[in-house]
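Per-chain residue numbering starts at 1, and chain names A, B, C and D are given in the order in which the chains are listed.
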(Lines give C-alpha, C1' and ligand atoms only; values in the text may rest on other atoms or scores of the structure.)
Protein backbone atom coordinates (compact mmCIF):
# COMPACT_ATOMS: atom_id res chain seq x y z
CA UNK A 1 0.00 0.00 0.00
CA UNK A 2 1.49 3.30 -1.03
CA UNK A 3 0.44 6.55 0.49
CA UNK A 4 1.63 9.50 -1.56
CA UNK A 5 -0.99 11.67 -3.19
CA UNK A 6 -0.30 10.70 -6.81
CA UNK A 7 -0.51 7.04 -5.94
CA UNK A 8 -3.82 7.49 -4.13
CA UNK A 9 -5.33 8.85 -7.33
CA UNK A 10 -4.16 5.59 -8.97
CA UNK A 11 -5.64 3.39 -6.23
CA UNK A 12 -3.63 0.81 -4.29
CA UNK A 13 -1.84 -2.39 -5.29
CA UNK A 14 -1.33 -4.89 -2.48
CA UNK A 15 -0.89 -8.69 -2.48
CA UNK A 16 -1.70 -8.78 -6.17
CA UNK A 17 -5.03 -6.94 -5.88
CA UNK A 18 -5.52 -3.47 -7.28
CA UNK A 19 -8.30 -1.36 -5.78
CA UNK A 20 -9.55 1.95 -7.15
CA UNK A 21 -12.31 4.19 -5.76
CA UNK A 22 -14.46 5.90 -8.38
CA UNK A 23 -17.21 8.47 -7.89
CA UNK A 24 -20.36 8.17 -10.00
CA UNK A 25 -21.16 11.47 -11.75
CA UNK A 26 -24.01 12.61 -14.00
CA UNK A 27 -22.07 11.51 -17.11
CA UNK A 28 -22.08 7.88 -15.88
CA UNK A 29 -25.84 7.57 -15.46
CA UNK A 30 -28.65 7.26 -17.98
CA UNK A 31 -32.38 7.88 -18.34
CA UNK A 32 -33.15 4.91 -16.05
CA UNK A 33 -31.52 6.73 -13.12
CA UNK A 34 -28.84 4.03 -12.94
CA UNK A 35 -25.31 3.77 -14.32
CA UNK A 36 -25.30 3.06 -18.08
CA UNK A 37 -24.20 -0.55 -18.58
CA UNK A 38 -21.24 0.11 -20.92
CA UNK A 39 -19.70 2.44 -18.35
CA UNK A 40 -18.72 -0.48 -16.11
CA UNK A 41 -16.24 -1.37 -18.87
CA UNK A 42 -14.80 2.13 -18.59
CA UNK A 43 -14.41 1.75 -14.82
CA UNK A 44 -12.65 -1.59 -15.36
CA UNK A 45 -10.32 -0.04 -17.92
CA UNK A 46 -9.40 2.68 -15.41
CA UNK A 47 -8.64 -0.10 -12.91
CA UNK A 48 -6.42 -1.97 -15.37
CA UNK A 49 -4.59 1.21 -16.42
CA UNK A 50 -3.87 2.14 -12.81
CA UNK A 51 -2.82 -1.39 -11.88
CA UNK A 52 -0.31 -1.33 -14.75
CA UNK A 53 0.78 2.18 -13.72
CA UNK A 54 1.52 1.05 -10.14
CA UNK A 55 3.35 -2.00 -11.56
CA UNK A 56 5.57 0.41 -13.52
CA UNK A 57 4.03 -0.13 -16.96
CA UNK A 58 3.02 3.02 -18.85
CA UNK A 59 0.89 3.29 -22.00
CA UNK A 60 3.12 6.00 -23.38
CA UNK A 61 6.33 3.94 -22.98
CA UNK A 62 4.69 0.96 -24.65
CA UNK A 63 3.46 3.22 -27.45
CA UNK A 64 7.04 4.45 -28.04
CA UNK A 65 7.95 0.81 -28.77
CA UNK A 66 4.94 0.56 -31.08
CA UNK A 67 3.11 -1.67 -28.60
CA UNK A 68 -0.23 -1.49 -26.89
CA UNK A 69 -2.68 -3.63 -24.96
CA UNK A 70 -6.10 -4.49 -26.38
CA UNK A 71 -9.09 -6.29 -24.91
CA UNK A 72 -9.74 -9.48 -26.87
CA UNK A 73 -12.56 -11.03 -24.89
CA UNK A 74 -14.68 -9.98 -21.96
CA UNK A 75 -17.49 -11.68 -20.07
CA UNK A 76 -19.65 -9.29 -18.10
CA UNK A 77 -22.14 -9.98 -15.29
CA UNK A 78 -24.30 -7.02 -14.43
CA UNK A 79 -25.62 -7.93 -10.97
CA UNK A 80 -26.88 -4.73 -9.38
CA UNK A 81 -26.83 -1.07 -10.33
CA UNK A 82 -24.79 1.87 -9.08
CA UNK A 83 -26.39 5.30 -8.81
CA UNK A 84 -25.29 8.94 -8.93
CA UNK A 85 -23.06 10.07 -6.04
CA UNK A 86 -22.10 6.46 -5.17
CA UNK A 87 -18.42 5.73 -4.57
CA UNK A 88 -17.71 2.37 -6.14
CA UNK A 89 -14.54 0.31 -5.83
CA UNK A 90 -12.94 -1.53 -8.75
CA UNK A 91 -10.90 -4.64 -7.84
CA UNK A 92 -8.49 -6.10 -10.37
CA UNK A 93 -6.59 -9.39 -10.04
CA UNK A 94 -4.23 -11.14 -12.45
CA UNK A 95 -5.61 -14.64 -13.06
CA UNK A 96 -3.30 -15.93 -15.78
CA UNK A 97 -0.25 -14.62 -17.66
CA UNK A 98 0.94 -16.19 -20.94
CA UNK A 99 3.46 -15.06 -23.50
CA UNK A 100 1.00 -13.24 -25.71
CA UNK A 101 -1.92 -12.47 -23.43
CA UNK A 102 -3.12 -12.29 -19.86
CA UNK A 103 -6.43 -12.77 -18.12
CA UNK A 104 -7.73 -10.52 -15.35
CA UNK A 105 -10.62 -10.91 -12.95
CA UNK A 106 -12.38 -7.64 -12.17
CA UNK A 107 -15.19 -6.66 -9.83
CA UNK A 108 -17.04 -3.43 -9.17
CA UNK A 109 -18.27 -3.20 -5.59
CA UNK A 110 -20.47 -0.83 -3.61
CA UNK A 111 -19.33 -1.32 -0.02
CA UNK A 112 -19.31 -5.13 0.16
CA UNK A 113 -21.83 -5.81 -2.59
CA UNK A 114 -20.60 -6.94 -6.01
CA UNK A 115 -22.40 -4.87 -8.66
CA UNK A 116 -20.45 -6.11 -11.67
CA UNK A 117 -18.02 -8.95 -12.33
CA UNK A 118 -15.90 -9.50 -15.43
CA UNK A 119 -13.19 -11.73 -16.83
CA UNK A 120 -11.00 -9.87 -19.29
CA UNK A 121 -8.52 -11.32 -21.77
CA UNK A 122 -5.94 -8.74 -22.80
CA UNK A 123 -3.36 -9.11 -25.60
CA UNK A 124 -0.27 -7.16 -26.57
CA UNK A 125 -0.29 -5.94 -30.19
CA UNK A 126 1.96 -3.93 -32.45
CA UNK A 127 0.92 -0.89 -34.49
CA UNK A 128 -0.57 -3.11 -37.19
CA UNK A 129 -2.73 -5.00 -34.72
CA UNK A 130 -0.57 -8.16 -34.81
CA UNK A 131 -0.24 -10.07 -31.51
CA UNK A 132 3.19 -9.74 -29.90
CA UNK A 133 5.00 -11.84 -27.30
CA UNK A 134 5.33 -9.94 -24.05
CA UNK A 135 8.90 -8.83 -23.36
CA UNK A 136 10.34 -10.67 -20.33
CA UNK A 137 10.62 -7.42 -18.38
CA UNK A 138 6.94 -6.74 -18.96
CA UNK A 139 5.96 -10.29 -17.92
CA UNK A 140 7.95 -9.87 -14.76
CA UNK A 141 6.35 -6.55 -13.84
CA UNK A 142 2.87 -7.99 -14.44
CA UNK A 143 3.53 -11.21 -12.52
CA UNK A 144 5.04 -9.42 -9.56
CA UNK A 145 2.31 -6.86 -9.31
CA UNK B 1 -37.84 -3.93 -45.11
CA UNK B 2 -39.47 -0.58 -44.54
CA UNK B 3 -38.59 2.46 -46.54
CA UNK B 4 -39.80 5.64 -44.88
CA UNK B 5 -37.23 8.11 -43.63
CA UNK B 6 -37.83 7.65 -39.93
CA UNK B 7 -37.48 3.91 -40.27
CA UNK B 8 -34.20 4.23 -42.18
CA UNK B 9 -32.71 6.06 -39.22
CA UNK B 10 -33.77 3.05 -37.11
CA UNK B 11 -32.24 0.52 -39.50
CA UNK B 12 -34.17 -2.37 -41.04
CA UNK B 13 -35.86 -5.45 -39.57
CA UNK B 14 -36.30 -8.35 -41.97
CA UNK B 15 -36.62 -12.11 -41.40
CA UNK B 16 -35.82 -11.64 -37.74
CA UNK B 17 -32.54 -9.78 -38.32
CA UNK B 18 -32.17 -6.12 -37.45
CA UNK B 19 -29.45 -4.17 -39.26
CA UNK B 20 -28.29 -0.66 -38.39
CA UNK B 21 -25.60 1.42 -40.09
CA UNK B 22 -23.51 3.57 -37.77
CA UNK B 23 -20.82 6.12 -38.64
CA UNK B 24 -17.66 6.22 -36.53
CA UNK B 25 -16.98 9.76 -35.28
CA UNK B 26 -14.17 11.29 -33.23
CA UNK B 27 -16.08 10.63 -29.99
CA UNK B 28 -15.97 6.87 -30.67
CA UNK B 29 -12.21 6.59 -31.04
CA UNK B 30 -9.39 6.75 -28.52
CA UNK B 31 -5.69 7.53 -28.26
CA UNK B 32 -4.82 4.28 -30.10
CA UNK B 33 -6.49 5.59 -33.27
CA UNK B 34 -9.08 2.81 -33.03
CA UNK B 35 -12.61 2.64 -31.61
CA UNK B 36 -12.61 2.51 -27.78
CA UNK B 37 -13.62 -1.00 -26.74
CA UNK B 38 -16.59 -0.10 -24.52
CA UNK B 39 -18.20 1.78 -27.41
CA UNK B 40 -19.08 -1.47 -29.19
CA UNK B 41 -21.53 -2.02 -26.32
CA UNK B 42 -23.08 1.37 -27.13
CA UNK B 43 -23.44 0.41 -30.78
CA UNK B 44 -25.12 -2.86 -29.74
CA UNK B 45 -27.50 -1.00 -27.43
CA UNK B 46 -28.47 1.27 -30.34
CA UNK B 47 -29.17 -1.86 -32.40
CA UNK B 48 -31.33 -3.40 -29.67
CA UNK B 49 -33.25 -0.17 -29.11
CA UNK B 50 -33.98 0.21 -32.81
CA UNK B 51 -34.93 -3.46 -33.20
CA UNK B 52 -37.45 -3.04 -30.38
CA UNK B 53 -38.64 0.23 -31.93
CA UNK B 54 -39.34 -1.44 -35.28
CA UNK B 55 -41.07 -4.30 -33.43
CA UNK B 56 -43.37 -1.69 -31.85
CA UNK B 57 -41.82 -1.67 -28.38
CA UNK B 58 -40.92 1.75 -26.97
CA UNK B 59 -38.80 2.55 -23.89
CA UNK B 60 -41.14 5.39 -22.92
CA UNK B 61 -44.27 3.19 -23.02
CA UNK B 62 -42.54 0.54 -20.92
CA UNK B 63 -41.39 3.22 -18.49
CA UNK B 64 -44.99 4.41 -18.08
CA UNK B 65 -45.80 0.90 -16.83
CA UNK B 66 -42.79 1.08 -14.51
CA UNK B 67 -40.88 -1.44 -16.62
CA UNK B 68 -37.53 -1.41 -18.34
CA UNK B 69 -35.03 -3.75 -19.96
CA UNK B 70 -31.60 -4.27 -18.42
CA UNK B 71 -28.55 -6.18 -19.62
CA UNK B 72 -27.81 -9.03 -17.18
CA UNK B 73 -24.95 -10.77 -18.93
CA UNK B 74 -22.85 -10.09 -21.99
CA UNK B 75 -19.99 -11.98 -23.61
CA UNK B 76 -17.89 -9.85 -25.93
CA UNK B 77 -15.37 -10.87 -28.59
CA UNK B 78 -13.29 -8.00 -29.88
CA UNK B 79 -11.94 -9.38 -33.18
CA UNK B 80 -10.78 -6.43 -35.23
CA UNK B 81 -10.94 -2.67 -34.84
CA UNK B 82 -13.07 -0.01 -36.52
CA UNK B 83 -11.57 3.39 -37.30
CA UNK B 84 -12.76 6.95 -37.71
CA UNK B 85 -15.03 7.60 -40.74
CA UNK B 86 -15.86 3.87 -41.05
CA UNK B 87 -19.51 2.94 -41.54
CA UNK B 88 -20.13 -0.17 -39.48
CA UNK B 89 -23.24 -2.34 -39.47
CA UNK B 90 -24.79 -3.76 -36.31
CA UNK B 91 -26.74 -7.02 -36.74
CA UNK B 92 -29.12 -8.17 -34.00
CA UNK B 93 -30.92 -11.53 -33.84
CA UNK B 94 -33.23 -12.99 -31.19
CA UNK B 95 -31.76 -16.32 -30.08
CA UNK B 96 -34.04 -17.25 -27.19
CA UNK B 97 -37.12 -15.76 -25.51
CA UNK B 98 -38.27 -16.88 -22.08
CA UNK B 99 -40.84 -15.46 -19.70
CA UNK B 100 -38.44 -13.26 -17.78
CA UNK B 101 -35.55 -12.74 -20.14
CA UNK B 102 -34.33 -13.06 -23.71
CA UNK B 103 -30.99 -13.68 -25.36
CA UNK B 104 -29.75 -11.83 -28.42
CA UNK B 105 -26.86 -12.48 -30.76
CA UNK B 106 -25.19 -9.30 -32.02
CA UNK B 107 -22.39 -8.62 -34.48
CA UNK B 108 -20.65 -5.46 -35.61
CA UNK B 109 -19.41 -5.74 -39.20
CA UNK B 110 -17.28 -3.61 -41.49
CA UNK B 111 -18.39 -4.65 -44.95
CA UNK B 112 -18.29 -8.47 -44.61
CA UNK B 113 -15.78 -8.65 -41.78
CA UNK B 114 -16.97 -9.30 -38.23
CA UNK B 115 -15.24 -6.82 -35.91
CA UNK B 116 -17.16 -7.63 -32.75
CA UNK B 117 -19.51 -10.42 -31.65
CA UNK B 118 -21.62 -10.58 -28.51
CA UNK B 119 -24.27 -12.63 -26.80
CA UNK B 120 -26.51 -10.51 -24.63
CA UNK B 121 -28.96 -11.65 -21.96
CA UNK B 122 -31.62 -9.01 -21.33
CA UNK B 123 -34.19 -9.05 -18.51
CA UNK B 124 -37.34 -7.06 -17.83
CA UNK B 125 -37.37 -5.34 -14.44
CA UNK B 126 -39.70 -3.07 -12.49
CA UNK B 127 -38.74 0.26 -10.93
CA UNK B 128 -37.21 -1.48 -7.93
CA UNK B 129 -34.98 -3.67 -10.07
CA UNK B 130 -37.03 -6.83 -9.53
CA UNK B 131 -37.30 -9.21 -12.50
CA UNK B 132 -40.74 -9.25 -14.14
CA UNK B 133 -42.46 -11.75 -16.40
CA UNK B 134 -42.83 -10.37 -19.89
CA UNK B 135 -46.45 -9.49 -20.73
CA UNK B 136 -47.82 -11.81 -23.44
CA UNK B 137 -48.21 -8.89 -25.86
CA UNK B 138 -44.53 -8.04 -25.40
CA UNK B 139 -43.43 -11.65 -25.90
CA UNK B 140 -45.44 -11.77 -29.10
CA UNK B 141 -43.93 -8.56 -30.49
CA UNK B 142 -40.43 -9.80 -29.70
CA UNK B 143 -40.97 -13.29 -31.10
CA UNK B 144 -42.54 -12.03 -34.31
CA UNK B 145 -39.89 -9.41 -34.94
CA UNK C 1 -29.33 17.47 -51.77
CA UNK C 2 -27.88 14.09 -52.51
CA UNK C 3 -29.87 10.92 -52.33
CA UNK C 4 -27.62 7.87 -52.16
CA UNK C 5 -27.67 5.79 -49.01
CA UNK C 6 -24.18 6.65 -47.80
CA UNK C 7 -24.88 10.32 -48.16
CA UNK C 8 -28.12 10.06 -46.19
CA UNK C 9 -26.16 8.70 -43.26
CA UNK C 10 -24.01 11.86 -43.54
CA UNK C 11 -27.01 14.19 -43.68
CA UNK C 12 -27.59 16.73 -46.45
CA UNK C 13 -25.70 19.82 -47.58
CA UNK C 14 -27.77 22.37 -49.48
CA UNK C 15 -27.38 26.13 -49.94
CA UNK C 16 -24.56 26.17 -47.41
CA UNK C 17 -26.58 24.49 -44.64
CA UNK C 18 -25.75 21.00 -43.44
CA UNK C 19 -28.53 19.06 -41.72
CA UNK C 20 -28.10 15.78 -39.86
CA UNK C 21 -30.77 13.69 -38.11
CA UNK C 22 -29.64 12.00 -34.90
CA UNK C 23 -31.55 9.57 -32.70
CA UNK C 24 -31.27 9.96 -28.91
CA UNK C 25 -30.29 6.66 -27.27
CA UNK C 26 -29.82 5.60 -23.64
CA UNK C 27 -26.11 6.52 -23.82
CA UNK C 28 -27.01 10.17 -24.52
CA UNK C 29 -29.22 10.68 -21.48
CA UNK C 30 -28.44 11.01 -17.78
CA UNK C 31 -29.98 10.56 -14.36
CA UNK C 32 -32.24 13.60 -14.91
CA UNK C 33 -34.05 11.81 -17.74
CA UNK C 34 -32.75 14.40 -20.20
CA UNK C 35 -29.78 14.48 -22.59
CA UNK C 36 -26.49 15.08 -20.74
CA UNK C 37 -25.34 18.62 -21.54
CA UNK C 38 -21.89 17.78 -22.94
CA UNK C 39 -23.45 15.44 -25.48
CA UNK C 40 -24.78 18.39 -27.52
CA UNK C 41 -21.13 19.09 -28.32
CA UNK C 42 -20.81 15.53 -29.63
CA UNK C 43 -23.86 16.00 -31.83
CA UNK C 44 -22.37 19.24 -33.19
CA UNK C 45 -19.06 17.52 -33.89
CA UNK C 46 -20.91 14.84 -35.87
CA UNK C 47 -22.58 17.62 -37.86
CA UNK C 48 -19.25 19.34 -38.59
CA UNK C 49 -17.58 16.06 -39.57
CA UNK C 50 -20.39 15.19 -41.98
CA UNK C 51 -20.52 18.71 -43.42
CA UNK C 52 -16.79 18.46 -44.18
CA UNK C 53 -17.31 14.93 -45.55
CA UNK C 54 -19.97 16.13 -48.01
CA UNK C 55 -17.71 19.05 -48.96
CA UNK C 56 -15.02 16.50 -49.85
CA UNK C 57 -12.78 17.02 -46.82
CA UNK C 58 -11.77 13.87 -44.93
CA UNK C 59 -10.11 13.61 -41.50
CA UNK C 60 -7.91 10.76 -42.67
CA UNK C 61 -6.59 12.70 -45.71
CA UNK C 62 -5.82 15.71 -43.53
CA UNK C 63 -4.10 13.42 -41.01
CA UNK C 64 -1.87 12.04 -43.78
CA UNK C 65 -0.64 15.62 -44.30
CA UNK C 66 -0.11 15.94 -40.56
CA UNK C 67 -3.06 18.31 -40.26
CA UNK C 68 -6.22 18.30 -38.20
CA UNK C 69 -9.01 20.60 -37.10
CA UNK C 70 -9.45 21.56 -33.46
CA UNK C 71 -12.12 23.53 -31.65
CA UNK C 72 -10.60 26.70 -30.16
CA UNK C 73 -13.65 28.41 -28.74
CA UNK C 74 -17.30 27.54 -28.36
CA UNK C 75 -20.25 29.42 -26.90
CA UNK C 76 -23.14 27.16 -25.95
CA UNK C 77 -26.77 28.03 -25.19
CA UNK C 78 -28.72 25.17 -23.66
CA UNK C 79 -32.33 26.25 -24.27
CA UNK C 80 -34.48 23.14 -23.89
CA UNK C 81 -33.79 19.45 -23.36
CA UNK C 82 -34.00 16.46 -25.71
CA UNK C 83 -35.17 13.11 -24.35
CA UNK C 84 -34.69 9.44 -25.15
CA UNK C 85 -36.13 8.28 -28.50
CA UNK C 86 -36.25 11.86 -29.84
CA UNK C 87 -34.92 12.46 -33.36
CA UNK C 88 -33.06 15.74 -33.28
CA UNK C 89 -31.66 17.67 -36.22
CA UNK C 90 -28.25 19.36 -36.21
CA UNK C 91 -27.89 22.39 -38.51
CA UNK C 92 -24.43 23.68 -39.38
CA UNK C 93 -23.63 26.89 -41.27
CA UNK C 94 -20.32 28.48 -42.17
CA UNK C 95 -20.31 32.03 -40.77
CA UNK C 96 -16.75 33.14 -41.45
CA UNK C 97 -13.66 31.64 -43.11
CA UNK C 98 -10.16 33.07 -42.56
CA UNK C 99 -6.74 31.78 -43.43
CA UNK C 100 -6.11 30.01 -40.16
CA UNK C 101 -9.58 29.42 -38.74
CA UNK C 102 -13.28 29.40 -39.47
CA UNK C 103 -16.41 30.07 -37.48
CA UNK C 104 -19.54 27.94 -37.67
CA UNK C 105 -23.06 28.51 -36.37
CA UNK C 106 -24.75 25.34 -35.15
CA UNK C 107 -28.21 24.56 -33.84
CA UNK C 108 -29.83 21.42 -32.50
CA UNK C 109 -33.56 21.34 -33.20
CA UNK C 110 -36.46 19.10 -32.22
CA UNK C 111 -38.98 19.64 -34.98
CA UNK C 112 -39.00 23.47 -35.18
CA UNK C 113 -37.82 24.17 -31.67
CA UNK C 114 -34.19 25.17 -31.06
CA UNK C 115 -32.88 23.12 -28.13
CA UNK C 116 -29.25 24.18 -28.35
CA UNK C 117 -27.33 26.89 -30.20
CA UNK C 118 -23.59 27.27 -30.52
CA UNK C 119 -20.92 29.34 -32.23
CA UNK C 120 -17.79 27.34 -32.85
CA UNK C 121 -14.35 28.60 -33.82
CA UNK C 122 -12.28 25.90 -35.48
CA UNK C 123 -8.56 26.09 -36.34
CA UNK C 124 -6.26 23.98 -38.49
CA UNK C 125 -3.20 22.68 -36.63
CA UNK C 126 -0.21 20.52 -37.40
CA UNK C 127 0.91 17.48 -35.41
CA UNK C 128 2.61 19.71 -32.83
CA UNK C 129 -0.52 21.73 -32.23
CA UNK C 130 0.76 24.78 -34.12
CA UNK C 131 -1.84 26.76 -36.11
CA UNK C 132 -1.55 26.33 -39.87
CA UNK C 133 -2.80 28.40 -42.80
CA UNK C 134 -5.53 26.58 -44.64
CA UNK C 135 -4.43 25.35 -48.06
CA UNK C 136 -6.26 27.21 -50.85
CA UNK C 137 -7.94 23.99 -52.00
CA UNK C 138 -9.31 23.46 -48.50
CA UNK C 139 -10.54 27.05 -48.25
CA UNK C 140 -12.33 26.63 -51.55
CA UNK C 141 -14.04 23.43 -50.51
CA UNK C 142 -15.19 24.99 -47.26
CA UNK C 143 -16.38 28.21 -48.83
CA UNK C 144 -18.28 26.45 -51.58
CA UNK C 145 -19.95 23.98 -49.26
CA UNK D 1 -9.03 22.01 3.42
CA UNK D 2 -10.43 18.71 4.58
CA UNK D 3 -8.36 15.61 4.87
CA UNK D 4 -10.46 12.47 5.16
CA UNK D 5 -10.29 9.96 2.36
CA UNK D 6 -13.84 10.45 1.09
CA UNK D 7 -13.28 14.15 0.86
CA UNK D 8 -10.04 13.72 -1.05
CA UNK D 9 -11.95 11.88 -3.76
CA UNK D 10 -14.17 14.97 -3.94
CA UNK D 11 -11.26 17.38 -4.15
CA UNK D 12 -10.74 20.31 -1.78
CA UNK D 13 -12.71 23.49 -1.12
CA UNK D 14 -10.71 26.34 0.39
CA UNK D 15 -11.20 30.12 0.30
CA UNK D 16 -14.02 29.70 -2.20
CA UNK D 17 -11.97 27.70 -4.71
CA UNK D 18 -12.70 24.04 -5.38
CA UNK D 19 -9.87 21.94 -6.79
CA UNK D 20 -10.20 18.42 -8.14
CA UNK D 21 -7.47 16.16 -9.57
CA UNK D 22 -8.55 14.00 -12.51
CA UNK D 23 -6.56 11.30 -14.31
CA UNK D 24 -6.85 11.11 -18.12
CA UNK D 25 -7.74 7.57 -19.24
CA UNK D 26 -8.19 5.97 -22.67
CA UNK D 27 -11.91 6.81 -22.63
CA UNK D 28 -11.12 10.55 -22.49
CA UNK D 29 -8.92 10.64 -25.57
CA UNK D 30 -9.71 10.43 -29.27
CA UNK D 31 -8.14 9.52 -32.59
CA UNK D 32 -5.97 12.67 -32.51
CA UNK D 33 -4.12 11.36 -29.45
CA UNK D 34 -5.49 14.24 -27.38
CA UNK D 35 -8.46 14.60 -25.04
CA UNK D 36 -11.77 14.82 -26.95
CA UNK D 37 -13.00 18.41 -26.68
CA UNK D 38 -16.45 17.68 -25.18
CA UNK D 39 -14.83 15.81 -22.30
CA UNK D 40 -13.59 19.05 -20.73
CA UNK D 41 -17.25 19.77 -20.03
CA UNK D 42 -17.47 16.44 -18.21
CA UNK D 43 -14.44 17.31 -16.11
CA UNK D 44 -16.02 20.68 -15.25
CA UNK D 45 -19.30 18.98 -14.29
CA UNK D 46 -17.35 16.69 -11.94
CA UNK D 47 -15.77 19.78 -10.39
CA UNK D 48 -19.15 21.51 -9.91
CA UNK D 49 -20.72 18.36 -8.43
CA UNK D 50 -17.89 17.93 -5.96
CA UNK D 51 -17.86 21.63 -5.03
CA UNK D 52 -21.57 21.39 -4.24
CA UNK D 53 -20.97 18.13 -2.36
CA UNK D 54 -18.33 19.74 -0.13
CA UNK D 55 -20.68 22.71 0.39
CA UNK D 56 -23.30 20.24 1.66
CA UNK D 57 -25.55 20.26 -1.42
CA UNK D 58 -26.47 16.83 -2.82
CA UNK D 59 -28.13 16.01 -6.17
CA UNK D 60 -30.24 13.31 -4.57
CA UNK D 61 -31.63 15.64 -1.85
CA UNK D 62 -32.48 18.28 -4.44
CA UNK D 63 -34.12 15.60 -6.60
CA UNK D 64 -36.32 14.58 -3.65
CA UNK D 65 -37.65 18.15 -3.67
CA UNK D 66 -38.16 17.91 -7.42
CA UNK D 67 -35.28 20.28 -8.09
CA UNK D 68 -32.13 20.05 -10.12
CA UNK D 69 -29.40 22.24 -11.56
CA UNK D 70 -28.99 22.67 -15.31
CA UNK D 71 -26.37 24.41 -17.40
CA UNK D 72 -28.00 27.27 -19.31
CA UNK D 73 -24.98 28.83 -21.00
CA UNK D 74 -21.31 28.02 -21.25
CA UNK D 75 -18.40 29.72 -22.97
CA UNK D 76 -15.45 27.45 -23.59
CA UNK D 77 -11.85 28.29 -24.47
CA UNK D 78 -9.81 25.30 -25.57
CA UNK D 79 -6.23 26.55 -25.13
CA UNK D 80 -4.01 23.47 -25.05
CA UNK D 81 -4.59 19.74 -25.02
CA UNK D 82 -4.32 17.13 -22.27
CA UNK D 83 -3.04 13.65 -23.10
CA UNK D 84 -3.42 10.14 -21.77
CA UNK D 85 -1.95 9.52 -18.28
CA UNK D 86 -1.94 13.27 -17.49
CA UNK D 87 -3.28 14.34 -14.10
CA UNK D 88 -5.23 17.53 -14.67
CA UNK D 89 -6.69 19.83 -12.03
CA UNK D 90 -10.15 21.41 -12.29
CA UNK D 91 -10.59 24.72 -10.47
CA UNK D 92 -14.09 26.06 -9.79
CA UNK D 93 -14.98 29.49 -8.40
CA UNK D 94 -18.35 31.11 -7.75
CA UNK D 95 -18.46 34.40 -9.67
CA UNK D 96 -22.04 35.51 -9.14
CA UNK D 97 -25.08 34.18 -7.26
CA UNK D 98 -28.60 35.43 -8.00
CA UNK D 99 -31.99 34.18 -6.92
CA UNK D 100 -32.55 31.93 -9.89
CA UNK D 101 -29.08 31.22 -11.21
CA UNK D 102 -25.40 31.41 -10.53
CA UNK D 103 -22.28 31.86 -12.60
CA UNK D 104 -19.08 29.88 -12.11
CA UNK D 105 -15.61 30.34 -13.48
CA UNK D 106 -13.81 27.08 -14.22
CA UNK D 107 -10.33 26.20 -15.40
CA UNK D 108 -8.61 22.94 -16.27
CA UNK D 109 -4.89 23.07 -15.58
CA UNK D 110 -1.93 20.79 -16.22
CA UNK D 111 0.57 21.82 -13.57
CA UNK D 112 0.49 25.61 -13.94
CA UNK D 113 -0.71 25.76 -17.52
CA UNK D 114 -4.36 26.55 -18.26
CA UNK D 115 -5.62 24.05 -20.85
CA UNK D 116 -9.27 25.03 -20.78
CA UNK D 117 -11.27 27.94 -19.35
CA UNK D 118 -15.02 28.26 -19.08
CA UNK D 119 -17.73 30.49 -17.70
CA UNK D 120 -20.82 28.51 -16.78
CA UNK D 121 -24.29 29.82 -16.00
CA UNK D 122 -26.28 27.32 -13.96
CA UNK D 123 -30.01 27.53 -13.11
CA UNK D 124 -32.24 25.70 -10.67
CA UNK D 125 -35.27 24.07 -12.30
CA UNK D 126 -38.21 21.95 -11.20
CA UNK D 127 -39.21 18.62 -12.74
CA UNK D 128 -40.99 20.39 -15.61
CA UNK D 129 -37.91 22.39 -16.52
CA UNK D 130 -39.28 25.66 -15.08
CA UNK D 131 -36.74 27.97 -13.43
CA UNK D 132 -37.02 28.12 -9.63
CA UNK D 133 -35.81 30.63 -7.06
CA UNK D 134 -33.03 29.19 -4.97
CA UNK D 135 -34.10 28.44 -1.39
CA UNK D 136 -32.33 30.74 1.08
CA UNK D 137 -30.55 27.78 2.68
CA UNK D 138 -29.18 26.77 -0.71
CA UNK D 139 -28.05 30.32 -1.49
CA UNK D 140 -26.26 30.46 1.82
CA UNK D 141 -24.45 27.17 1.29
CA UNK D 142 -23.35 28.26 -2.18
CA UNK D 143 -22.26 31.73 -1.09
CA UNK D 144 -20.31 30.44 1.90
CA UNK D 145 -18.57 27.71 -0.02
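The definition used in the following text is that a contact is a pair of C-beta atoms (placed from the backbone, for glycine too) under 8 Å apart; a residue touches a chain by one contact, two chains touch by 3 or more.
Nothing here was measured: the structure is a model prediction, and the numbers come from that model.
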{"item": "Repeated interface matching A-B, over half of the contact pairs identical, chosen among A-D, C-D or B-C", "value": "C-D"}
{"item": "Copies subunit D and subunit C - interface residue numbers shared by over half, same or different", "value": "same"}
{"item": "Centre-of-Cα separation between subunit D and subunit A, whole angstrom", "value": "26"}
{"item": "Inter-centroid spacing, subunit D versus subunit C (mean Cα positions, whole Å)", "value": "25"}
{"item": "Subunit A and subunit C: spacing of chain centres that average the CA atoms, whole Å", "value": "33"}
{"item": "Multi-chain contact residues (two or more partners), subunit C", "value": "26-27, 31-32, 38, 42, 45, 59, 84"}
{"item": "Subunit A residues within the subunit D interface of the complex", "value": "6, 8-10, 21, 23, 25-27, 42, 45-46, 49-50, 53, 58-60, 84-85, 87"}
{"item": "Residue ranges of subunit A touching subunit B (in the complex, touch as defined)", "value": "31-32, 37-39, 41-42, 45, 59, 68, 70-78, 80-81, 129"}
{"item": "Residues of subunit A touching subunit C in the complex", "value": "26-27, 29-33, 36, 38, 83-84"}
